[in-house]
Amino acid sequence: MSIEARDIVAWLRAAAAALEAQREQLIELDRAIGDGDHGANMDRGFKAAMQRVEALDTTDIGQILRTVAMALIATVGGAAGPLYGTFFMQMASQAAGKASLSPAEWAAALEAGLQGVMDRGRAQKGDKTMVDALAPGIEALKQALAEGADLAEALRRCAVAAEEGMRATIPLVARRGRASYLGERSAGHQDPGATSAYLILRAAAEALGAVP
Amino acid sequence: MSIEARDIVAWLRAAAAALEAQREQLIELDRAIGDGDHGANMDRGFKAAMQRVEALDTTDIGQILRTVAMALIATVGGAAGPLYGTFFMQMASQAAGKASLSPAEWAAALEAGLQGVMDRGRAQKGDKTMVDALAPGIEALKQALAEGADLAEALRRCAVAAEEGMRATIPLVARRGRASYLGERSAGHQDPGATSAYLILRAAAEALGAVP
Amino acid sequence: MKKLINDPQDVVREALEGMAAAHPDLIRVNMEPRYVVRADAPVQGKVAIVSGGGSGHEPMHGGFVGYGMLDAACPGEVFTSPTPDQMYEASKAVHGGAGVLHIVKNYSGDVMNFEMAADMVRAEGIQVESVVIDDDVAVENSTYTQGRRGVGTTVLAEKICGAAAEAGYDLRRVADLCRKVNGWGRSMGMALTPCTVPHVGTPSFELGENEMEIGIGIHGEPGRRREALRPADEIVEMLLEPILQDLPFRQGDDVLLFVNSMGGTPLIELYVAYRKAAQVLARHGIRVVRSLVGPYITSLEMAGMSITLLKMDDELVRLWDAPVLTPALKWGAAPAPAAGSGGAA
Amino acid sequence: MKKLINDPQDVVREALEGMAAAHPDLIRVNMEPRYVVRADAPVQGKVAIVSGGGSGHEPMHGGFVGYGMLDAACPGEVFTSPTPDQMYEASKAVHGGAGVLHIVKNYSGDVMNFEMAADMVRAEGIQVESVVIDDDVAVENSTYTQGRRGVGTTVLAEKICGAAAEAGYDLRRVADLCRKVNGWGRSMGMALTPCTVPHVGTPSFELGENEMEIGIGIHGEPGRRREALRPADEIVEMLLEPILQDLPFRQGDDVLLFVNSMGGTPLIELYVAYRKAAQVLARHGIRVVRSLVGPYITSLEMAGMSITLLKMDDELVRLWDAPVLTPALKWGAAPAPAAGSGGAA
């Protein structure tokens, strides 16, 4: 039960597909409390990332994730660009030189990514950002693995927790990012970044759930 | 049967009232083939003129008409300002120093006013301008007087002819003024200046029709 | 009608008061009758240049008053020609002994009011020349009609003649220069939206979500024709074609390319249009040697643009580059100790 | 969506091409990655000033590149922060040996991207200082949140710091000056209409015929609150009140008053607002010594305005008045032999 480079690519493909499919929804969410570009930014970024990833010929997971990070940094822009760029860059550091990851290594890489996002964005849980989906999702993943769940089950619980975290952003008043300028008016809307974060974690459950 | 200074003032009052009442219609007409200000311009101008006229204490018809001319020139602006200003200025020259006008003198003064308008605006009959109401109206007035009609009857025929002239502008393609920039598109609309000219001549029929 | 105004009747007066407050180093505003003069008027020995027209075209003309451009501007009501008393008083206020040039846009109202004013000024023994700008190729040129409207070339003529007056040209030469600029300039405009005259309160015309007006003037009047909205590149071709077909542009010519916003069109769109215009001119072998991009002759908040092409020679380039210090056009060093964008020192 | 554009995806690129074509005497445009640099970059021995942000705010920032203002500007997609590689390449392209100042508007995207870029530039051995502008009093200031947005003061900081760099201030002093300007500037904005991001195609929010948004930023986002439309004078009071309540303005202070169009509001309305703002300040005993009126930091075609007040001292006045030669702000005489509004000589 280990995650190979091709599984990572499958995950990224699934994430890119989900972000393309949800482009308009992310735009709508960002229109409500932001500037309406999150869907376009993420779709553009992941398309660029996938173009570069598909052109790679490597089994180095670190290199794959680093390629994604660089592509996102250079093409997403806005807040999500440096945040997701940092996320994948920190994952890449953890996976540098590795052709496969154990479930524990995979979880540790995600955790490093999360820490990178929180450092870069100076965001905490409850600030109504992508952290509110990433943190509970990754927490649930670790917990499940610690409880002896297999990867598929752990990823399922990760996605469920991320979705809950995403929904839990609705009543929050934003303290970081563009939505924070709205003050109280930001409450009552789901955070776009938490939504894209959930889509990315859910893509992992889809793509890696059947990993042998 | 002669026209006194107070009759002239009554005419001007009636004209001012008609222009105020038809302000919106003139604006609508000017919106269709011009810039939509004719009603506001004429109303503003005649209000200013009447304020100055009412403050006068004179029986000199020339002075009254000159006061109107100066007020229109200084407050109407646009094309109508210099045109109607010139109209009343030329009438004033004809009436200078006179406390009353015979019907023939009145017609001659109007004719001088018309000539002033045509010189100032370089406009001919058929150019789709105020000339198209003024010229037939004044022509009919002279004709009626020549045929021995009394002033009331002559003024009535003047108003009817002016109205016909005004309506006859509808199919015309404008050759002068702002409407000319529309080319063929100016056809099918009644000229705003011909309309205000008709209102002014009709006011004469109303106010002077009962002159003894 | 959504506007940042108070009583619609007060817009022109209040805007003039705002201009006076914002630019005391450059201009002074007279209220009875209304005109704007440069702060150091009259400039002795210099030909004085006076223009004017309806309000609603800002920055034209008041924003062009100052060193190297206009000596005075007369603002009428919105889209309504000013009156002869304004031009008469303004001309007297700026006359510095070398005569006055009236730059008049070809609208029957403007022409007639300026004619009356010129007569009044001449009656004071002051020399007056009048030049009528008629550069709008949207209107067919004919001696039987009113002729073409005066639009974008007016801005360029005021800048260039202002520099010539500053350089000591006498009245005859400044007037001849103005006629030369008028003869060498051609414009065409289009609108994406109408505009609303404040005291009217309703839009000047209606336009569907997928329609545009081609061949508009600057008074919110409808254009020559209505068409389906098209990409910017095609619109630029549609505007440039009649401009280029009209004399005097030929392969090898140098031109100034002026892409103007009607008011509501932002700079980012103007640059998209500028790019295409430059490409079209390059294709025709016409060299753009100077440019102007922005809202300079507008129709209130109307969205749309106009393109003006002015053939340039060495004299026009030199006068275009000469210093100018007005609220809206400003570059180079004026000999006077004035600087900054406004405010009392 | 009625805009003068071609494919919505191409707007930023095409506008940059237009800028490059219109102002070859002032700027050069790099396309991969996208940045605008002054034509004579790098200027040896001078602190280089780099800014940037989403597109759609034109003329900011590309229109402020040139002598006496920015050395480089990095445009992102519309309303989207540019990326670190742009800032990195731009900083290297303009570095003249005296370090680089990044002027960053306080949006999480801009801040984070500029942070990453600064790290990359420092890794090349180039000194970098970053100053974050956060002058928008519509947003409550708190260390627990993102803090205030950077708006109108950015324009003033770029002009003033550009002049200081030109005058030989070293990196530390230019950065300190920038922080001083940020500390002394306050802004507040409002919208009459939303705007439409080209590749989105629908307005950023809906607003009734009698509504306005108070406390907006510059990205088409809704403001702090929605209210019934009011006369301009009342709106000016509503914007100035929180500005004046915030430090540092006191009776007897000198200020620069900047009345800015959000894009679709024409000059005539800005002057109506300016007039009232000047009156309110006079009432408070605050002296307006400099002014700026026009569309300088915009949100596409949004109708509305912002007001910025900057406390001025002798240093700031001197640096404000110093020559500047950019596509959008231009006055005084630059030592370089550049003039005119654009075009190849």
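Each chain carries a letter (A, B, C and D) given by its place in the written order, and its residues are counted from 1.
One rule holds for everything that comes next: a residue touches a chain if its C-beta (ideal position, glycine included) is under 8 Å from a C-beta of that chain, and two chains touch if they have at least 3 such contacts.
Just so it is clear, the structure is predicted and the values come from calculations on it, not from any experiment.
Peer 1: With centres defined as the mean C-alpha position, give me the subunit B-subunit D separation in Å.
Peer 2: 55
Peer 1: What whole-number Å value describes the gap between the mean CA coordinates of subunit B and subunit C?
Peer 2: From the centre of subunit B to the centre of subunit C is 33 Å.
Peer 1: Quick one: do these chains touch in a line, a ring, a star, all-to-all (complete), or other?
Peer 2: line
Peer 1: Got a list of which chains touch which?
Peer 2: Per the contact definition above, the touching pairs are A-D, B-C, C-D.
Peer 1: Quick check on the complex: what are the subunit B residues that touch subunit C?
Peer 2: Against subunit C, the touching part of subunit B is residues 27, 31, 33-37, 40-41, 73-83, 85, 120-121, 174-178, 180-183, 185.
Peer 1: If we count contacts the way the header does, which residues on subunit C are in touch with subunit D in the complex?
Peer 2: Residues in contact with subunit D: 2-7, 11-12, 14-19, 21-23, 55-56, 58-59, 63, 192-193, 209, 212, 229, 231-233, 235, 256-257, 259, 263-276, 278, 288-293, 295, 298, 300-301, 303-305, 317, 320-321, 323, 325, 327, 329-333, 339-345.
Peer 1: Quick check on the complex: what are the subunit D residues that touch subunit A?
Peer 2: 33, 54, 76-85, 107-109, 112-113, 115-116, 136, 138-140, 144-146, 149, 197, 199-200, 204-205, 217, 219-222, 224-225
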